[in-house]
Every structure is written in structure tokens, then in C-alpha cells.
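Order of writing sets the chain letters: A, B, C and D. Residues in each chain are counted from 1.
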Amino acid sequence: MTRFVLGRIGFYTLIAVLLAFFTVPLLWLVTAPFTSDPTYEVRVPDFTWDNFAALLEHPYALPSLWNSVVLSAGTAVLVVIFAALAAYALSRVRLPGRDALLYALLLLSSIITGTAAMVPLFQLAVELNLIDSQFGLILILTGGLLPAAIFMLKDFMDSTPKSYEESARVFGASPLQIVRDVVVPLVRPGLATIAVWAVANVWGNFLMPYLLLSDVEKQPAAVITYTLYTEGGQANLSMLSTFGLLYSIPVVLMYLFVSKKYGFRFHGGIKR
Amino acid sequence: MALRKRSVGVVAVIAAAGLGLAACGQSSSGGGGDAIELTIAQNAIQGGKNEAAAKFIADWVIPKFQEAQKAKGKDVTVKFVPSGVDDEQYKTKLSLDLKSGKGADVIDIDSIWAGEFAEAGYIKPLTEVAGAEADSWDGWSQIPEAVQGMTEFNGKKYALPVGTDGRVLYFNKTLFAKAGLPADWQPKSWQEVLDAGTKLKSSGVPVPIQINAGTAMGEATSMQGVLPLLAGAGGEVQQDGKWSGASQPLKDALGLYQKIYGGGLGDPKLQQEAKGRDKSFQQFADGKIGILMEGDYFWRGVVNPKTGVAKMADRDQVVGYAMIPAMEPGKGIRGQDFVSMSGGALRTVNPNTKHPKEAFELLTFMLSPEALKEETKDGNVRITPRSDVNKEILAGEPLLTFISEKVLPLTAYRPPVAAYPQVSVALQEATAAVVGGTAPDQVAADYQKKLEGIVGGAGNIAS
Amino acid sequence: MAAIELRGLTKVYPGGVRALDALDLVIPDGEFFALLGPSGCGKTTLLRTIAGLETATGGAVVIGDRDVTGVQPGARDVAMVFQDYALFPHMDVTDNIAYPLRIKKVSKNDRRDKAAEVGARLGLEHLMDRRPGQLSGGQQQRVALARVMATQAQAFLFDEPLSNLDARLRLEARTFLKKLQRELGVTTVFVTHDQAEALAMADRMAVMESGHIRQIGTPAEVFQRPANTFVAGFIGSTPMNLLDGVVRGDTLEVAGCKVAVPAAAEGRLSDGGKIVYGVRPEYMTYSAEPADGALGGKVSIVENLGASHLVTLDVNDVNVQAVVPEGSEPAVGDDGYALPRRDRALVYLDGELV
Amino acid sequence: MAQATSPPETRPEDEAQAPRYSSDAAGLGKARAGAFAAPALLLIAVFLVFPALWVLYLGLTNYRLTGTAAAEPQFVGLDNLLDAVSNPTFWSSTWLTVQFVLGSAVIGQVGLGFAIAWLLRDRRGPLKRVVEGLVILAWILPSAIVSFLWVALLDRDGGTLNALLGLPGFAWLLDHPMLSIIVFNTWRGTAFSMMLYGAALGNVPPSHLESARLAGASGWQQLRDVVFPHIRGHILTNLLLISLWTFNDFSPFLLTAGGPDGKSEVLAVHVYKVALQSGELGYGAAVSTIILLINLVVAVFYLRLLRSKK
């Protein structure tokens, strides 16, 4: 009995520490936007809406959020569809050198997300006439994210029992039907995870959108965030914190939606 | 989705090739009657960085220029391409654009980039791009020699100057009064600065002197720190094509750092913080810093009672300023008693433009007295490159007048070459080492070693 | 409904594992046929090859009058219940049952009607909205059955359909499944490793070992006259006594005792030949008194089987088992004699039944 | 006998993985599998492999963003690599990166992520949602914003942490820069591991855990004997990806700018400084190549480690 009580106490202490660890850094984000002249100090706000009013007048802030949505949703959709098909094929059909290929692509993908790749990517975009095109940027971002997405999804695919597909196959379902009716629903939590992961990656990406999109009306919020500085490079904290809050809300909503609708887990229940 | 709207693209590459041949620019590309579209790029954006500049272009330059061109029978539309990022990122983007034969027709660059851009072929001498008009522009006569020098590389003008600035020592008169120092303080040597610091310290000022050091502040350490001190000790980073290594002036400059930060007159930690410069502003505004070396931007943009990031309602009463003294009178560069450093922005015509003449016209239009006056009204006063305009607009601005009249004549500029950014980082590292406690001689020797690696061997370094 | 015929069916996996070795088998229309064997014997491979999930390396699969060897699984008109049932966890019971019809593009209403009809027949009416995760093992099994029934396929293939049920449920399901198959009359092949299951349910069965069929027959035939020592050892809830022996004229010498030559082997043995003498413990008559032709020894173990006992005798260091009805069981250490029933005793020469 | 001849794609070469089951459960066949993978592979080839190889090539030149070397870059072979390995800054960066990856990825994110997933494995309801939601929030917030949050947290004067701990003036970012960015990155990235392990733990059959518990296994023994064997593959994937990402993570720059005096200049920050701030793209690409090689070694190490126990 004491062991049980101690266990409970230990559990809730741990949870409390975790909650504190993950909450305290966020305090600034929820107080600064409502403070008149925010500094780095977390203070009880004076609950002003002036910062939001100022942001509403910003010519690019709100449109840039929409651009962020377009870029990240577009990338997430492409990543999920292409990665799911590829991961399924690679999971089910053994091609020679498959694993080595995946590892090699994964390693290369780390190079492409680094700073050093900006020149090749820029010039590639120029050659393919994809400069200043959101679609082009989506393709480039998708290419960088696909290997890791395939890698993760293949894991999900590998761990789904094959009898589901065989069953559907005996009933006469075509491979595409099997993917649609059986595989996709089974790995839906995996797909949701990948989608959120892709969105989070694109949502915060600054360098590539900045370099590849010249037209400010196409630039995402990450780029606009960087503009909220003064001539001398000083952060405009009232704008930054306020925009930061608005900038964060869509991803939080997306997470809540996805986790409610699909959950981030496998379906349990069937014992194997 | 959206494809490119501008036509400045692949076509421009071909146009650029044609331009290279038409050396003196007599080609009549973009003849009258056709619709001409010009784009102009700056690291400025409405609602963000350099907002005033962005607004000025959108609200005044574009309509007025289009109007003026229409009066000449030309159908010109101008589009502004805003940015609002770190200078390095802006530079990267410009470089990539220019390398690929793209980019806006009129672009703003930092004067320090002129050399490396020219070496890379990203920009070309104005006469090559825009023709002989570039030399015969009547504005040149109003621009001081030194300011014109910013636009030159290997003896050729690559751009028009957009503006310039200067560095001074700011001080808090309230703190000075408490420490028994005069309100019209003007030190004549480094020792006087140190003495003032000591007095401030004994009167309880937490940070008597703030002279930027370390890598965290980046170029601010060079411009508002080691370079003015170097100049005050009679040295320059590069002279006559040779880089200065572990020279005596460098050792002297580093020695001053040692005296300030080793002697408890400065806050060594602040120099290391990623946002240390922001903090130094805040602390000055809060009355915690006695003496601060900064540019005129500090006055205009930081402690500005209306629009500053660290507003001081009583700026005009409390903040004093003085010229930066040489180590000792007459020991500064060119034998000066006082020194400063200046930078500035340039505006040039993209060699890839289809309409170089119109682009150059836009350039000169924006530097016309009317435009400059318009741009600098309503509290946006800055030092323009034109003496005629400065006389008029700086009248009500004591600090800017001070800089324009007293500081600019004795200021110095950074060498506009590709290796400079790395040399600058090496200098910043040197100051960091001194602040961290290493002896200046040792640091200077290390700097020389690093310098050799950057500039390609000891042969490029003056002993 | 259709018969299933396998002709020289061979399956070789890469790496040379010969899972099926030239199998010939005919399963008549409407028969309930069991594939029995230890794990790894190839029975599941055989079932999956019939289904088309495995591609035959050689030979042919004929269902009805159609050679389906190269036909896709979905086009073979067979339905399969998997060992784990393979119920789609994201669909409710109705959708699971109706899934095969959805593939056949049956309209939504017809699908639901059919699912409801089949579900009702299997007592699933009140579970139609549930997901598989919310069902018990027995319920899941019935949903899986309902799903194959909804297909109205020519043949049903069951892969260990009862192995995921607990022991009690398994017996009920056995009876239920057999009854259902009778009613539907669909040719059904089912795989099991449990010989009791095969004996209880199948009309006919095949016993397999390492890719070969070792015996085909009715459960009675297989139980009473196993064609070889492998089958003899595999079939039966208590293992058959398989005793080394030597032919001595018209008698056999087994475990140091003389026993009579079984009726079926009479006149077919040569003197002095080594044989294996087989007799099920159930076909032994036990007595405490010596008897002619009986195997005598000391009782070493007595096991309770419920209505009877399994007595193990130590006959000259050879274990011989006999089933003794309740009430007459001996005590350990007693002398005992087990007399084989001559009409049920078997002789194996080189492993094959004589 | 209408269909005596078989369509060609129905006889794929034997693709069986295990001798017992063919892994191609849906009857995809190689041709169709190729078609499924083609769009992804095409995008990867054009937008990843090609530019990545280009980066590797740049690493062999003296290419710069500006200056004469931008106009006419020259092939310098392995000079950049040799420069890097003879540069003490590079080695200190490498060492810092190793600390960063071990501390924030392997111990921090993987450890904390697993711990949270394990603590919450049987929980439902608001507590779980709140904890998971907060952890994931830290992950999906854009780094440009997050850096401000952490500066506000760790600031020397007005920082929340110092206010909470009663340590005014304690300079976390200056005196403990590596600890700061390690904790920061743990905070930032734990969500991914937590989600992955949450999903993986859902796959551990409860019966196995129950039998271990019945056998009297302690919590740790349950983990070691039942859970880890089941989720070994997930651990491998997770370690691999997390390490790879952390190696290339540039966000510490936003917190410390690599300082003070390079004491938190991990390799990704080093590359950023070299490539973007100094414009030395050739050298930056060469360092990227070295990072790639280190990652390769790390990946092989993980594979060995987790395969050998199978």
C-alpha cells in the first residue's frame, strides 16, 4: 500500500516537473503580447490590445500567415501522399539495395537542409524556372523532407499485419484499393504524425522561402517575423511577441484538430 | 501556383550579355513608348525594418517618378521589392539573384559590399551600365570627396551614395553630474575617457563605459569598437593594399579594452550575450551606462523619444555626445586629434537590367534634393550624402549637424573588399580574447596568424 | 460450389526451401477438408497457394473446372479466414462483413442488407456497429466467418480458424463450424495443427509432413490405420505405442514378449525382419493377470484422463501404454499385462503400413 | 479453363522475405511498386540528390558568395577538408556537437520522450492531453519565436528562470552555454520521440507485460525484457533521425549565436557562420561533407548496436 502511495506521489511529482519544464518558457509568449512595452522580462501584462491593433495594420503580417498555410499544407500533402506510396512499395516489395538506398537518401537529406545547400538549390530553382513560385518552393521543400518521411512511414507500414492486405486481396481488391481501404486507415496515425511533422518543419523555415520567394506577397510568416526588427537589428518585441502568438496559433489548432480526428496512435485492440 | 510575374528573368540574362558588349551603353534598350517596368530592392519593409524608407518609396518615389517619366512621354511603372532581414541574409539573397542574372533593377547595398560584388561581377561601373550620364550627374558636385570614396572600387564609381553616418561617444549627463563631470564633456585622450569612467564608477554607476567587444555583437564590435580605437591609435585594418597585422596601434587599441574590462569599468559579460547590444541600449536608457560608443543611429532610432526601441523621453536634456578622441592628441590616423568610422548605403543599377537609363534616372531622382528633403522630413532626419541638402535638413538636429560638420571630415571607412568580413570577425575575436583576460600582445599575435590564413599568406600583411 | 484439384503442386522458396513437393490432391465439391500437420509442414503454404497468395513454382491449382494457377487471388472466387481473422480495425462489423461486396461494387444498400442478413444468421445482430477491437475472440471469429459467407465464394479457406480461441470456446466453435459448413455446403479447406480438431470436424483430411502429404482419408481411416509411423505418431490424443520388433516365424517379438501378427499383416512378413509394431493405447486390453500374447511389465505411471486412465508399463525397459476404464486402474508398482487387439494392431515395415 | 494463361504480372519473382510468407501481401509486384515509389523518388532525385551532390562538389572548390572566387571558383580538391581538420575551431565545434547530440538528442529527447510516453502509456483523459499538448507545442512553434521565449527565460537580468530560482544576474547563456542549448533542444524536440514511442508502446502486447509483471519483474526488468525487444526497431529509427537532425540543427544559433567565444558553436552553427556570414561556401560545403561522414558513422554504429542484439 505504501509502495502504491509512494508511486502515486512520485508519478504526480514527475508530471508536475514536466509540466513546469514545458510551460515556463511559454509564459513570455502569453504575457508579452498583452503588455504595452514588453521586454524580455515576464511581467503581469496590462492587457492592452494595442499590439494586436498595430499588427492588424501591418501590410504583410496577416497575408504572410496565409502564405505559411499554403506552403506548409501543400508540402505536407505532397510529402504524405508521395511518402505513403513509396513507403508502402518499399515496405512490401523487396528491391535489392533498398535499405542502403534509404539510409543514403536520409543522410543526403541532412545536407540539403543545411546552409551550404542554398546555392545549388537556388540555381536549380532558377534553371527550372521555379524562382518566386510557391509551388516551386513546395517541391523543393518536399524533396528535402521525403526521405525521412519515407523512412518513418516504412516503419509504420512494416508493423501493420500483412493479413489485412491479404484478406482484402483474396476478396478481389486491387493494390490501389488495398492501399486506400486498408493500408491508409491502418497507418493513419502515422500519416497524421508525418503531416504534422512536415508542417512544423515548413512553418518555421526561413532561409529557403526568403531566398526563393522575392515577392513579399508570397513570403510566409517566418520571413515576415525576421522583418520585425529595426534598422540597427533590434527586435521590436511588441510586434514580435504579438506576431509570434498569432503565428503559433494555426499550428496549435492544426495539432488539436489532427490529434482529435486521427490521434497519433495505432488502433489497438486486435491481439496478435 | 503563382509563376513569376516579372519579366526580369531568363530574358534578362540575354539582355545582360548584350549589355556587356555595348560598353558605353549607347544601345537604345527600352526605347520610348513601350511600357517599362522597374523594380527597386532595399532591405526595408513596411511594418518592419527600415519602415520609413519603405514607406517613402511606396508613397512618394514611385508616384512622383512615374509622373515625371510620364511627363517625358515614357510609361514607366516602378515596383518595390521589400526585404527586412539581417544584412548577411540580404547580401546572400542579392548575391544569388545577381549571380543568376536576376534581381531588381535598382538595388541598395551596404558600401562595404561594393568591392566584393564588383570582383564577383555582380555589379559594374556605373558608366558601363548607365552610360556617360553617370559621370556627368550634377549631384556629384554636392557630395563630399570622402563620401564619394565609398562608391569607388579600383578607381571606378559603382554606385551612388545613399547616406552616411558617424560614430561618437554618448554620455549620460545626469550620471556625469553626479560624478562631478561636466555636461559639455569632450575628452582629448583615451586616458581622459578612463578617468571619467573611474569617477563614474566611484559615484556608483554600474557600467561606466560600454565599448562594444566580442563576436556576439558582430559588426557592431568593429564599427563601434575596435575600428575607431584602431584609428585613434593611428592604425587602419588595411592600408595601401596591405593588411595590418600585430601592429602597435592594434596592441594599443586592445590595451584600452584591457583597461576598461580588466579594470572594472565595463561589463565583460554583456559583450558575450547574443543580444548584448540590445541590452546595452536598454541599460543606457535606464541610466546604468555612463559612456557608450555608438553611431548616430543610436540617437535617431534607439533613444529617440518617439520612435526609439529604448525610448528616452528626456533624450535632448540627458544625452550628451562627444567626438572620439585619439589615444593622445595627434596620434590618430592622418595625425588627427579625433577619429570616427563611417559606413553607408549605396544604390546602384543592376547590370542585368533591361532599362539601364531609366534605372539610373530613378537612382538620381531618389538623390535629388527634393527627394532627400521629402524623405527626411517628419522626424526621419539622417545625414544625406549631399552637403546642400544636409545644410537645410540638419538645422534642427544638433547631433546630426555635429556629426556632419565635425565628425565626417575626420572619419574613416572600412576597406570594401571580399576578405573584410572575415577580417572583421578576427578583430572581434581578438577583442573577445582581451575581454576574456588574454594579454593584448598575445592576442595581437594570434590575430596576425589568423589574418594570414584569411588574406592568403604573410605577403599580404604589412609588418 | 466447386471441387478443388491440385496437380503436382510445387512451391520452392528462394533459398531452396521446398515447402510443397509435387502434391496431388482432389477435394470434391462440398467437402469439409482438413490439412493437418506440425508447424512448418507446408499446410499453410498449401492453403495460401490455393488462395493465390503464394505463387506455385510448378503444378496446377484447379477450382471447379478452371485452372487458376496464374490467376490473381481476388479472381479465384475463394474466400479465406485468417488465423488472426484480419478484421479491419477501422471498420465496424457491418463494413467488415460488407467489404467483399464493396469490392464487387454492390450498391451500398444491398451491401448493408446482406451484411445484416449474414450477421443475423451468426448471431451478430446486436454487434453490427461495433469495431473489431470491442469484440471478444469468439465474436471476432464469427464476424470473420460472416465476411466469407457474404462473398458467396466457390470455396472457403480457413487458416487455423480456432487457434485464437480459448479451449472452451474452441469446442463450441468446432461444433458450430461443422454445422454451418453442412448447411452451406461450400467446399471448405481448413488448416490446423490440432489433430483432434481435424478428426472432429473434417469429412476427409490430409496429414502433411515437410511438404509431402503422408496420408489422405476420412478421420476414421486415418485414426485406425495410419499409413505410416509419422501419421501414427501424430494422430491420436494419446500417442500410439510404436514398438521395435522382430518377426519370429508366425509371431512377433516385441519388447521381449511374443505377440501375434496382426490380422492385416498375416502372411506378408518375412522371418527375422525388423518391424515397428503399432497399437493405440485405446486398443489394449489391460489385466493384472498374464495372458497369451500380452505385453507384461511393471506399472510405472498412471495418468487420469477423466473417464479412463492411461497406464504406462515398463516392459523390459520399453514403455508401453494402455487405456484402462475407470474403476479398474492399477497402482504404481503393480504387475500388469496389456493385450493388443489383433484387429487393431498394425505393423510398419520401413515406416510404411503393411 | 478460360484463364489457363496467366497475365504476366501475376508471376513476380519470388519476393519472399521469410520463407513462410511472401511480404508482398497486396500482390503489388515490382512494376507497380516502382510506379508507387516513382513520384517520391523523382522529387528526391531532382531536389535532393542532385543538389546534394552539387554541395559535395562545391566542397572541393574555393567557391565564395562574392568576390573573385564567386566569378571564377577554382577546383581545390581536398584543400577545404584539410583546412577544416587542421583548424582547432573545427575540432572544438565537432566536440561541442558530440556533446550537443549526446546530451540533447540521445539523453534528452530520446530519454525524456520515452519517459513521458511510458508514464502516460495507460492514461487517458485531460492530464495526458495537457502534457502531450504542451510537449508538442514546444515542437511545432517556429524557431524564430522560440528563441525569444528562451532568451526571456534565461536572460541574466529579467529572466524568468532567475526570478524563479532567486538567482538574479546568473548568466546561464554565458556561463553554461552548452547546458543551455542542450536543455533548450531537449525542450524543443522531445515531442517527436514522445509521439514515436507512444505509438510504439501501443504495439507492445499487454499480455506480454502482464506475464512479466506476474513473474515479478520490476519496472526496469519489464522495460528491458518485454518493452525494448518489442520496440527495438522504433528505437533505431528514432535515434537515427534524432541524431541526424540534431547534428544539423542550427537553432542554437538563435539562442547563443555560437558564443560566448565559440563555446556553443556546434557544427551546424559553424557552417552557418562560415557559409552565410563569411560567404565561404566552398569551405562550408566541405564541412557539410564532413558532417555527412560523421552522420554516416553514427548511423552505422546504431545499426550495428541494435542489430547485434537481435
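The rule is simple: a residue touches a chain if its C-beta (ideal position, glycine included) is under 8 Å from a C-beta of that chain, and two chains touch if they have at least 3 such contacts.
Just so it is clear, the model here is predicted, and its values are computed rather than measured.
Engineer: What's the fewest number of moves from chain A to chain C, given that each move must go to a chain touching the current one?
Structural biologist: Step count on the best path from chain A to chain C: 1.
Engineer: Just to be sure I understand the contacts, which chains border both chain D and chain C?
Structural biologist: A
Engineer: If every chain is reduced to the average of its C-alpha atoms, which one ends up farthest from chain B?
Structural biologist: Greatest centre separation from chain B goes to chain C.
Engineer: Of all chain pairs, which one counts the most C-beta contacts?
Structural biologist: After tallying contacts for each pair, the winner is A-D.
Engineer: Distance between chain B and chain C based on Cα centroids, please, to the nearest Å.
Structural biologist: Here the centre of chain C sits 91 Å away from the centre of chain B.
Engineer: Based only on mean CA positions, could you tell me how far chain A sits from chain D in angstrom?
Structural biologist: 14
Engineer: Centroid of chain A to centroid of chain B, CA atoms only: how many Å?
Structural biologist: Going by mean C-alpha positions, chain A sits 39 Å from chain B.
Engineer: Give me the residues of chain B that touch two or more other chains.
Structural biologist: 89, 92, 96, 99, 275
Engineer: Going by the contact rule already set, what residues in chain D reach two or more other chains?
Structural biologist: 21, 25, 27, 65, 151, 157, 276
Engineer: Would you please write down the residue numbers of chain A that are in contact with two or more other chains?
Structural biologist: Residues 39-40, 118-119, 163-164, 166, 168-169, 226, 235, 268, 271-272.
Engineer: Chain B touches which residues of chain A in the complex?
Structural biologist: So the residues of chain A in touch with chain B come to 39-40, 57-61, 70, 74, 118-119, 122-123, 126, 129, 131-135, 138, 207, 210-211, 214-216, 218, 223-224, 226-236, 239.
Engineer: Chain B touches which residues of chain D in the complex?
Structural biologist: Its residues touching chain B are 64-71, 151, 156-157, 171, 173-174, 255-262, 276-280.
Engineer: Quick check on the complex: what are the chain A residues that touch chain D?
Structural biologist: Where chain A meets chain D, its residues are 11, 14-15, 18-19, 21-29, 32, 39-42, 78, 81-83, 85-86, 88-95, 103, 105-121, 124, 128, 139-140, 142-144, 146-148, 150-152, 155-156, 158-159, 162-166, 168-169, 175, 178-179, 183, 189-190, 193, 196-197, 199-200, 203-204, 206, 221-222, 225-226, 235, 237, 240-241, 244, 247-248, 251-252, 255-256, 259, 264-266, 268, 271-272.
Engineer: Using the touch rule from the top, collect the residues of chain C that touch chain A in their complex.
Structural biologist: 51-53, 72-76, 78-80, 82-91, 99-100, 102-104, 131-134, 137, 140, 151, 157, 164
Engineer: Which of the residues in chain B come into contact with chain D in the complex?
Structural biologist: For this pair, the touching residues of chain B are 88-89, 91-92, 95-96, 99, 113, 115-117, 119-122, 214-216, 269, 272-275, 279, 417-419, 421-422, 425, 429, 432-433, 436.
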